[in-house]
Amino acid sequence: MLLLGAAVVAVIGGFPVVAGTDSYILLLLGKFLCYAIFALSIDLIWGFTGILSLGQAVYFGIGAYFVALSLKINYALDHPTRYGNKFPDFMEWNGLKALPHFMEPLVSTPFAVACALIVPTALAFIFGVITFKRHIYGVYCAVITLAESLILQEFIIEYQAYTGGFNGITDYSNYLGIPFLWFMLAVTIAFFLIARVLTHSRIGTVLKSIRDNDLRAQFMGYNVANYRIFVFCVSAFMSAAAGAMYAAWVGIISYLDTGPVFSVEGVIWTAVGGRATLIGPFLGAFLVKGLEFLLSGVLAAFWQLLVGLLFIFVVLVMPDGIVGSIAHWLRRHRKGTLTQLREEQDLLAHDREHDWQPAGVPRSGEESV
Amino acid sequence: MTMRRRKFLKSSAATLGAWTLGGTAPYYFMRNIAKAAEGDTIKVGILHSLSGTIAIIETSLHNAELLAIEEINAKGGVLGKKIQPIVEDPQSVVQVFAEKAKKLLLEDKVAAVLGCYTSASRQSVLPIFEQYNGVLLYPTLYEAQECSKNCFYTGAVPNQQLDDFVPWIINTLKRKKFYMVGSNYIYPKETNREVKALLEKHGGQNVGEEYAPLGHTEFSTIINNISGSGAEVVFSDLVGDSIVAFYKQFKQFGFTADDLPICTPITTEQEIAAMGPENAEGHYTSFNYFQSVDSPENKSFVERYKAKYGKDAVTNAVMEAAYFQTYFLAHAIEKVKSTEADALIYEGLPGQEFQAPQGKVKIDEQNHHTWLWARIGKANPQGQFDVVWKSENWIRPQPWVPYLYPDKTCNFTDQRVKERLSKPWSVEKNRSGTINL
Amino acid sequence: MTQALISQILIGVSVTAILVISAIGLAVIFGVAGVINMAHGQFIMVGAYTAAVIGKMGGNTFVAIPVSFVVVALLGLAVERGVIRWIYDRPLETLLATWGVGIILEVVMKLIFGPELYYVGAPKVLAGSVHLVGRLPYPYYRLFLIVVAILMVAATFYLIFRTDFGLKVRAVRRNRAMSGCLGIDTAKIDMMIFMFGSGLAGIAGAVLAPIKSVSTTMGFRYAVDSYMTIVLGGVGNLWGVPTGGGLIGEGETLLAYKFNSVIGELLVFIFIVIAIRVFPRGIFGYQERR
């Protein structure tokens, strides 16, 4: 198993050496790594803690925009734009005469990277405090995060002199190349290990208990809100890092990277792969995005149909995702005897009853808090 | 402890294994299929969104290009080979445009790409075409202030749409006070900047300027503002859904084309069909081509288009450009007997002429834009345009608007430019820009 | 100046009506069945296309209203029976499943009708405008929309508070388990209410099509506006819909007048996010009885 893992890392890491750097598969590979981290960050809050955020792309997007802006400003300094000026072209056509003063610090890329990581995390902390301390969760949390995502999009489009607006930011020197792929691979592995440690520690157990029944967790003396805020910040940090690397790698970002559609895509990768597993988000991101790349050209409109069916299929038939289903199947076969099997199923059924309780929507009398 | 660690390592390894194999294996499979399909064809990429918000218009460009390719193949193809269209769907997302462009150039090794509609999508793929030296033919009217060695623009630039339109409104319609309404992105903003410069030059007046978010469909506030501004004419560069909602609500609030006409460089027959001719009647559009243009080439073009895509299908200017640019490409390949990018860029495409539905058109030898005809149309009750004015001659494109940027030109035939361009891109990179000599 | 402002306030009323029309179906479903229907926008879209087909066959909006109601209610029935009834106890996942339904509807409609914009005209009777107060004449069609909005709210109120069916709905809403024990078929109530809410979305599509544009991708914007309206107004109390709609509608039009459309929208969104944090369950939030 260890060998296999090493082999896989070697395949990704060694791919560009064999195939050359001009391959567009290299581009995809790096992109998918970013998507996988993004899905992992969603898995942390959704799969392990039960918070469904439809605005996770906000953190991804802010991270991406800081890095892209910095790279674009630097690129314009070295390569005069088509207007012949030394600041980004989208500022020129919006009537700015020079780089605005508050953007000058972004000339320093390390500073921009620091911003790309710290600002989203801080924002997640603020949002987390005012959301979870006020006991907003469940469907409400989903809709509020959706609204936040839309606000950021509107903001980017409206203030196009500073953000590039609808066109996004493109045409800057990106880091497409072998060393950066290796760097991204290292970051991916690091995040995977962090998530692994986090979810298998005591904190992870508390998080799962919050997901399954937050009321009981509270009675046990845990500060539910604080745990939620903590994991929300960790997740935002990971998203932001993924966004920052994405901007540096792909060389083009737009307001769509901050929108609810992208967030929902991330959720569905996680769901397909298997939530509350660490392998799931990676598998899901690579599988869905990979298939999309292969099939969207061939199937055209039908690809979207397939995606829609996938949503319904995963929710109805395979709520545990690919990895979860395989794990169940394996467990069943290992256990063997019928009684054990039945016990297991009873337990599962019991879990199902208490899992994913409608939170936030009063459905029955017993829920009154 | 050791047990836990081993278990941990095992599962980590399994994770990485699973997702990499799942992710990369299919590509090699696909690449082999693609190679196997290679034969005696000339591959041409078609890059228009077939899904997402912009598919509303881009699907028709895709259709027009396929129609042209079909016709060319029916006449025996190019250099004795059939043209094989490689269709990709960029889903109205700029990142996917960039990704698919890269795929078309590097994996499919297409001779050229016909594609893009919005300025955003064009700007997202240009760096890729420049980096890998591909050829892009772009059919849309756009805001200008750009040229690129690798891109051939077959749509109109402002001097072919606005330079005659604005003075015509002022002098012929005798309306001086303009209220400008646009969608909130680069094309309307740049266009309005040019209109304002023209207003200053010709003695018009700008009494208001407002932008609505893309896809916005509630225009009552803007209409209220217009009514209080004393405007004599509304200059609209709204796009997509917004056009339909704006015209409908404009009429519902009691404005007629006689009191306050809407003049626009972008509303086509397609949007009029969607809003109903009664809402568009009497308003003006400036374009190079209308479905009602009276020429034998156009009659046959409209007929063939309807035969292929249904009798209710309407043609419009951007589609027409998409159609004739496909012929430009075929004739260029025929001329240089090669599909190499440099051959097409320096010899094949510049100077290429074609008898298009709108009249004779030509790619400019120097700036890679296209000589087109200017027309002003007044919408009639049948949902078509009556041409009320037509330029006496075809108009040379000016990619840099002279009254905003007097010192800028593009000239890719200049010997010094050629020398600089012949250097490797890493040394001499001036992306999506004019060579500043 | 005051004349313009009066016009603007009147316009705000019609914008409110549009918001109420598009949100009420969603509010009914969310309030009673606890399901966020992410395909709500696409349901409106299907309603609009139904109106387009009716228009082609020679009918007008008045014919389209009942037909769209029935068509989209049947669509709602299919979605409820096929997808949602399996996952009532997992509201977060109904969100994903209905998102999938939305995508499918968009693709299917595009395959049937093509990607281009569709034409829906207003009935001739409602074509003109009348001069009330203020600077602008007021279109008859907008007056009609205000009437439709009031009727839709009134009909919903009547159904929930004055009929036998409504009594059962309220009982299920209060205490599902107990209602079941008392012999109410809770699954059937859920199904009926889902159909009713979907039908209302269909009406929204039919009446909004003549002043807006009709395309397969039109749904998303209506859906967003609807979520904002009901989340601001609060679920569980039907007064929340007109209240939320009024705040957003008037707020957006007045701010758009003061600044511009984009900033108006932005400020209203920000206001909503803050308001939800002050009133986590909306202004008219449902207070569970202890």
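The letters A, B and C name the chains in turn, as written, and every chain counts its residues from 1.
As a working rule, contacts are C-beta pairs under 8 Å (C-beta built on N, C-alpha and C of every residue); 3 or more make two chains touch, one makes a residue touch a chain.
Since we're looking at a predicted model, the values are computed, not measured.
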item	value
Pair of chains with maximal C-beta contact number	A-B
Distance-maximising chain from chain C - centres being C-alpha averages	B
Chain B-chain C separation of Cα centroids, rounded to whole Å	36
Inter-chain centre distance, chain A versus chain C - centres from mean C-alpha coordinates, in Å	31
Chain A: positions in contact with at least two other chains	154, 157-158, 301, 304
Chain B residues counted as touching two or more neighbouring chains	50-51, 184, 213
Where chain C touches two or more other chains at once, by residue number	107, 110, 262, 265
Residue ranges of chain A touching chain C (in the complex, touch as defined)	50, 52, 130-131, 134-136, 138-140, 142-144, 146-148, 150-151, 154-155, 157-158, 264, 267-268, 271, 301-302, 304-305, 307-312, 314-316, 319, 353, 355-359, 361-369
Complex contacts: residues of chain A adjacent to chain B	1-9, 11-12, 15, 22-25, 27-29, 31-32, 36, 79-84, 90, 93-94, 154, 157-158, 160, 165-168, 170-171, 189, 192-193, 196, 200, 250-254, 256-257, 278-279, 282-283, 285-287, 290-291, 293-294, 296-297, 300-301, 303-304, 323
Chain B residues within the chain A interface of the complex	8-24, 26-27, 30, 50-51, 87-89, 91, 93-95, 98-100, 102-103, 106-107, 119-120, 123-124, 126-127, 132, 145-146, 184-186, 189-190, 193, 213-214, 405, 408, 429-434, 436
List of chain C residues in touch with chain B within their complex	4, 7-8, 11, 14-15, 18, 107, 110, 114-119, 121-122, 127-129, 135-137, 139, 141-142, 210-215, 217-218, 221, 253, 256-257, 260-262, 264-265
Partner chain A, residues of chain C touching it in the complex	30, 34, 36, 83, 86-87, 89-97, 99-104, 106-108, 110-111, 174-178, 224, 227-228, 231, 235-236, 262-263, 265-266, 269-270, 272-273, 276-277, 280-281, 286, 288-290
